[in-house]
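Read through the structure below, which is laid out as structure tokens, and then see the notes.
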Amino acid sequence: MNYLIELLVSGLAVGAVYGLIAMSFAIIFKATGLLNFAQGEMGMITAYVAFSIASATDGNPWLTAAGAIVFSVLFALAVERIVIRPMVDEPILARIMTTIGLAVIFRSGTMLVWDALPHDMGLAAGSALVDLGGVRVRGAQIGVVVALAVAVAAMLAFFRYSRFGIAMRAVASDDATARLMGVKTARVQQAAWGAAAVMSGIAGALFAIAWELSPSLYALGLKSFPATILGGLDSVVGSAFGGVVIGITENLVGGYLSPGLKEVAGFVIIIAILMVRPYGLFGEKRIERL
Amino acid sequence: MSAPLLKLTGVTKRFGGLTAVNEVSTHVDAGEIVSIIGPNGAGKTTLFNMISGVLPPTEGRIELEGRDLARVAPHDYVRHGIGRTFQNLALFKHGTVVDNILVGRHWRMKTSLVEAVFHFGRPRREEIAARERAEEIIEFLEIETIRDKVVGTLSYGQQKRVELGRALATDPKLLLLDEIVAGMNQEETEDIARFILDIRDELGVSILMIEHDMHLVMDISDRVHALNFGATITEGRPAEVQAHPGVIEAYLGAKAAAARAEPAPLLKARAG
Amino acid sequence: MRSGFYKQTIAEHLALTDSWTQRAWIAVALAALATAPFVLDTYLLTLVTLMMITAVGGIGLNILTGWTGLISLGQTGFMVLGAYGYAIPVETWGWDPLAGFLLAGLVPAAASVLVGIPSLRLTGLYLAITTLASAFIVVHLVLEFPGLTNGASGIFVNRPTVLGWTVFTDQDLFRLVAIFLVLTILGALNLRRSRIGRAWFAIRDKDDAARVMGVDLRTYKLYAFVASSFVVGLSGALYGIFLSFVTVDGFPFLLSIEALAMLIVGGMGSIAGAVLGAVFLVGLPEVVSMVFSAFGDSARALLSTGAHEVKGVLYGLVIIGFLRLQPEGLMGLWRDAQRVWTLWPLRY
Amino acid sequence: MIQTQTQAAGGAAPPLLEIRNARIVYDHAVEAVREVSLSVPQGSVVALLGSNGAGKSTLLKALTGTLALEDGEVEKGAILLDGEDLGRTPTDRIVARGVSLVPEGRRLFANLTVEDNITMGGHLKGAADLARLRAQVYDLFPRLAERRRQIAGYLSGGEQQMVAVGRALMAEPRLLALDEPSLGLAPLIVDQIYATVARLNAEFGMTILLVEQNAMQAMEIADTVYIMENGRIVLDGPAEQMRGNLDVQEYYLGFSGGGERRSFRDVKHYKRRKRWLS
Amino acid sequence: ADQGVTDTEILLGEVEPLTGPPGLLGIAHNLGVRLALAEANAAGGVGGRTLKLVAEDDGYVTSRTIQSLRKLIGVDKVFALTAVSGSGQAVASIPVLKQSGIPTMIPIGPLPPLYEPPMDNVFVVGQSYTEGMHQLALFLAEKHPGAKWGVITQDDDYGAALREGIEQAKGEAQIEVAFETRYARGQKDFSSEMLRVKDAGVEVLIAGGIISENIAMVKEAEKLGITPAIATFWPGRVPEVLKAIGPASDGIYAVDYVAPIQSDAGQAFLELARKHLTEDEVARVNRYTMTGYTSTRLLIAAMQTCAEDLTWACTNQALADGPAVDTGVMAPAAFAGGRFTNSPVTIMQADYETLSYAPVD
């Protein structure tokens, strides 16, 4: 029993990381129809910045958290303004390709600014072990689950109570026409990039605390993207769910079947679900009629 | 007497709780031009979708030359002689006009995947034949000047003509035209009217069309079928249907009916 | 855009090209391929060889993604299958390389049907995931069956003897790959102008309408999978021969993204675009390196050990800058150039 | 109710919209509009007629700044709103200045419900206005009220057109540009829409720029009519006068010489030459 | 003389991953080579000629390795190669190396295909993973008799070599493997693996990852509160790993054929490095610097022997037959007529306090 619980708990923790990053993919997709291939890299950079702040402040968790969040937003807004916005009217493929280019720059840039070594984040609070009725977890793992819950609640409220939510969907559906309604598509895009950066930044930083900080952190983006698909590309909350499902599935398969099947198991689940629901668990169908 | 070309019996389509088409029965004889009219959302296009295999009927039976179409795979409707155009343009917008029309010839051709890799022998002969036919259609529809243009860059009305060409290329026995003249001016409508009549008279294709242009409907159809809320209001010769109170109330409106019965008195006066 | 040529017969309409300038270009390209082995040094020769192998793979992906609109992130999976499909029969069982090439196409083609069937209802990025998954599963399977694949240790691949012609030197390999590239281009062009090619782009643009025109969506999507993976598999086999060694490590996942990037940079949906994209993406790192070394030791000393990371950053910047200027890709650039050429000096 | 306006309004006020010698080019190569000038006075109804591919929609796209998306560009000339050159003003800014467009092809947000689509039309409006405006739209198109929760992409063609028109009305624009509003609508609804447009013009002084194929309807409410062919304005004048023009009668209204409507059955089988082209 | 040799210069080349996470290894190695060259140049070069190095980055991508090799051999025309990237890349390069005949040192990733059968011009410095694992396993079996083992390895040739080493040891000692699994390269989360390790009551854990994976495994063990004896392998034997793991890294075993930095030999090596490298560079010195240095020293020694007649043939011969080179940081290395130094390994243990390893007795 304890074994199962431990599997579930650790699956939930890593699933929450996937979920947060998956949500960032989804929100940018939902608001602008763009797939941001550099999302994982942006999370990684935030983690590195958090590392630098932590080193400079002797591991002050509050300063680190505040600094990292502020940085992630500013960074995303800068990227959006300098690289993404000028491309808004270009074909979608060119825009996606731009994010691939960004990913390359971020990966190299990270190693240029920091280095290729693994590091400890140096945040005692985050790596401290907490005993939850016999199951031991790290502080940051609790943090990432809480962060996911907060993000989900925030998104639910946002899409429920804000007209901006509808505008976002309109922009993704047809941004030219959204502009004809007077929507400032640039604002929508900024908001989406900002929100995405916070979520993936938190995920990246907390992952770095609980696991490790290294330049291979960007791969979290690749791991999380399938979660977005599982939840449904344009379903922000669904993506969170998709992440958790994949995290837990992988752990259960690793724990009861063969750990070597972990990765494959995640994909098998996705394919199976897509065969029944071609738009993911909560995704919107492509609406088309003749 | 042989079976009618197309026969619908109690055809019904429901989307969840919404009954878009409700127990419609009608028929089209060979060589006929039949029009379907009705208010927006009456279920006309949905009816077309069922006849052309896009959607399966919830209930009812659709027969073509006596054959039940229920068992025919959607992509095989065209083999049985059903061609159509779409209300909201469904062209292959990155292809040229010629490409689009050639897709209409698709089912007529037999080239296999492996053969296609070598443009030699049958594939080549087939391509030439198809291309010949396409050129004929282009000439017939007078769209030579846009032959090699990418369809996505054409104006709305031009695209509608290409749609007609593509449908013709399938060699249909029954041609379904969904609001083909919407977005065309008088002159272009006249062209299309002429094409429709020619298609029927020269190619022997029967035509079932949905149209809101009442002049066109009244002038060229042999029979008119009026729908409202998915159900038949009436069916008959154009003049009868036009005068039907149900049709006037639901569709034409009193003013329009009057205007159409006695065409444009205002203009008539001024013209003189 | 080109000034028109009056055509006498329908057959002329079907010709791949109708302009003398184009024919001249083709002749120049073929002549360049024929003479390259005599004039290029081994380094450039292998660089071009790699570009051509990549181009073959790009053309294959273009069938699926550019023409049929089915986005694939499974390029590496099919390449791996192609590489092993060649290496196992030829190197382990001693079959004739020709049979090996055939299998290099057929094995991934067969596998693509397995991937294709569950993917039939999927579109866009949802489909991309099933192909991505298939690539992971392929790698997993290769490692799971070491008896056949030699597991992680891989298989050495010798340069083949094809129809009595022993491909031995780098020059020979260049010629072999060039032949494959030319054949692939011809085959792909033929497909494109056949009813199959038209059915594919009809599916991409408007699948419902395509079906009403008699295109069986399932069959033709599977055809696209099969044709695409056949070609991609061939590129995998050539890549294996190029590396002289086949392992799953030789086909890192990022290659799948790079393959897509190639099509985008080249211009989605065109064969020339796929080729240009391959030239661009394979050549770019080399060019960046060259530019970098032109700055000499001073720059290197300044940046010390970070020099290579700076190259990475530059590489990304070039891609972004290029897209900013030319969002339609290299083909767009080509079209613009053509327009200037044919319209000059009058614009309309 | 369909009273045409007093001509006075048009004469005194400065033109709300003026297009001066505009030349519009797609892809740097395809000239869609050549040297077109057109003026839409405050409070008037201007109709723009013309055959397929004449460049009407292109003009409207230029007006709302959405041309660039299709690689189009106003190469020469100017588009002035309130006498001010719009230049490269972004679309949302133009819309904020009181221009609203019913675009060609409806362009609904297919995934959104009917209600959300209509709400999007009032994006720049306050919450209080929204409710009122929505009620008005539903009033005009009761059919949409029934369908308000339905996903817009599944609506029938005509229903979609109603949403597109309703959505544009939500903005309470000063200048309402309609690209073939009657497209695909049943006669009854066409009458309603025209009645509404006329009323908006008469009661609220809303300025209307109307692109239409249904020349008869358009001429009934228009003050001024422009006719485009092949990217040029070939004929223009007050609606009254245009209705009397024999070419207009023949090619746009379908009357034969005697003022009788020709039957479509009797259309001659030859390419006609238009007098204004000769 | 053969290519790459002028009156004043001898050009050498190497292909290494200098970018991305594998750059950690490539850059450190490169420093070792440069150190050896600088030292030799300071002492007058080889026959009065200065040694120069061209380093190509392959980013650990095999096709680029081959591409870079061809550039070095065909365009830059280097005289010899000081390294050919990682193990997989080197193996894939065999045909190119064979065909060209260029003297080639392989100080990283010594896989058997590189020296069995020996090639004339390819010289492998170090020890195979299999043998290293074999020794490590024998040591652990003796130290923890009757213990339950857990083995987690990567699903590639590196992992396969480790598994083979354990198999060999099984024949000679009592080893009971209670849990065995493979992970896909790049895996980050090892929670389920470690839960199974815990569940199986593992007392000796072979953490067969490279760097990140080992960190993840040990941290996970710490979290679960289990304390098996953990053994790692040389690719990850860098101080940064200990730091990243934290206190839980104390006492981890490692096997290597290179001396720890903190040993006297290591300190002497650092001293030497300070003489020829910048401060920044010295900070990046690790065990790969030592292997790169040692293997380059072997090459230089051979070239010195052939200084009069600097040809590939002579150099290859001189390498094979040359006397052992003792750099202090490795057991004296020589090829003794063969093509493989077959260097003896040492078992060491980590000390978190000083972030260092020390040989166990």
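Each chain carries a letter (A, B, C, D and E) given by its place in the written order, and its residues are counted from 1.
Rule of thumb we're sticking to: a residue touches a chain if its C-beta (ideal position, glycine included) is under 8 Å from a C-beta of that chain, and two chains touch if they have at least 3 such contacts.
Going by UniProt, the chains are A = Amino acid/amide ABC transporter membrane protein 1, HAAT family; B = Amino acid/amide ABC transporter ATP-binding protein 1, HAAT family; C = Amino acid/amide ABC transporter membrane protein 2, HAAT family; D = Amino acid/amide ABC transporter ATP-binding protein 2, HAAT family.
If you're wondering where the values come from, they're calculated on a predicted model, not measured in any experiment.
Novice: Select the chain at the greatest separation from subunit B, using centres from the mean of Cα atoms.
Specialist: In terms of C-alpha centroids, the chain at the greatest distance from subunit B is E.
Novice: State which chain is most central when centres are taken as means of Cα atoms.
Specialist: Of all chains shown, the one whose C-alpha centre lies nearest the global C-alpha mean is C.
Novice: Which chain lies the greatest distance away from subunit C when centres are computed from Cα atoms alone?
Specialist: D
Novice: Two chains share more C-beta contact pairs than any other pair here; which two are they?
Specialist: That would be the chain pair B-D.
Novice: If you average the CA atoms of subunit C and of subunit D, how many Å lie between those two points?
Specialist: Computed from C-alpha means, the inter-chain centre distance equals 47 Å.
Novice: How many Å are there between the centre of subunit C and the centre of subunit E, using C-alpha atoms for each centre?
Specialist: Distance between chain centres: 36 Å.
Novice: Taking each chain's centre as the mean position of its Cα atoms, how many Å separate subunit B from subunit E?
Specialist: Centres of subunit B and subunit E (C-alpha means) sit 74 Å apart.
Novice: Counting only residues that touch at least 2 other chains, which ones in subunit D make the list?
Specialist: 154, in rising order.
Novice: Would you mind listing the residues of subunit B that make contact with two or more other chains?
Specialist: 45, 54, 86-88, 90
Novice: Got the subunit A residues that touch at least 2 other chains?
Specialist: 107-108, 111, 260, 263, 288, 290
Novice: Enumerate the contact residues on subunit A facing subunit C in the complex.
Specialist: Subunit A residues touching subunit C: 35, 37, 83, 86-87, 90-91, 93-94, 96-98, 100-105, 107-109, 111-112, 222, 225-226, 229, 233, 260, 263-264, 267-268, 270-271, 274-275, 278-280, 283, 286, 288, 290.
Novice: Which stretch or stretches of subunit C touch subunit A in the complex?
Specialist: Within the complex, subunit C touches subunit A at residues 118, 121-126, 128-130, 132-133, 136-137, 140, 208-209, 212, 253, 257, 261, 264-265, 268, 306, 309-313, 315-317, 319-320, 323-324, 327-329.
Novice: Note which residues of subunit B are touching subunit A in the complex, please.
Specialist: For this pair, the touching residues of subunit B are 45, 49, 54, 86-88, 90.
Novice: Which residues of subunit C touch subunit B in the complex?
Specialist: Subunit C reaches subunit B through residues 10-11, 13-14, 187, 190-191, 193-199, 201-202, 204-206, 208-217, 223, 226-227, 269.
Novice: Considering the complex alone, what residue numbers of subunit E touch subunit A?
Specialist: 19-24, 27, 155, 181-184, 186-189, 191-193, 195-196, 199, 211-212, 215-216, 219, 222-225, 238, 240-241, 243-246
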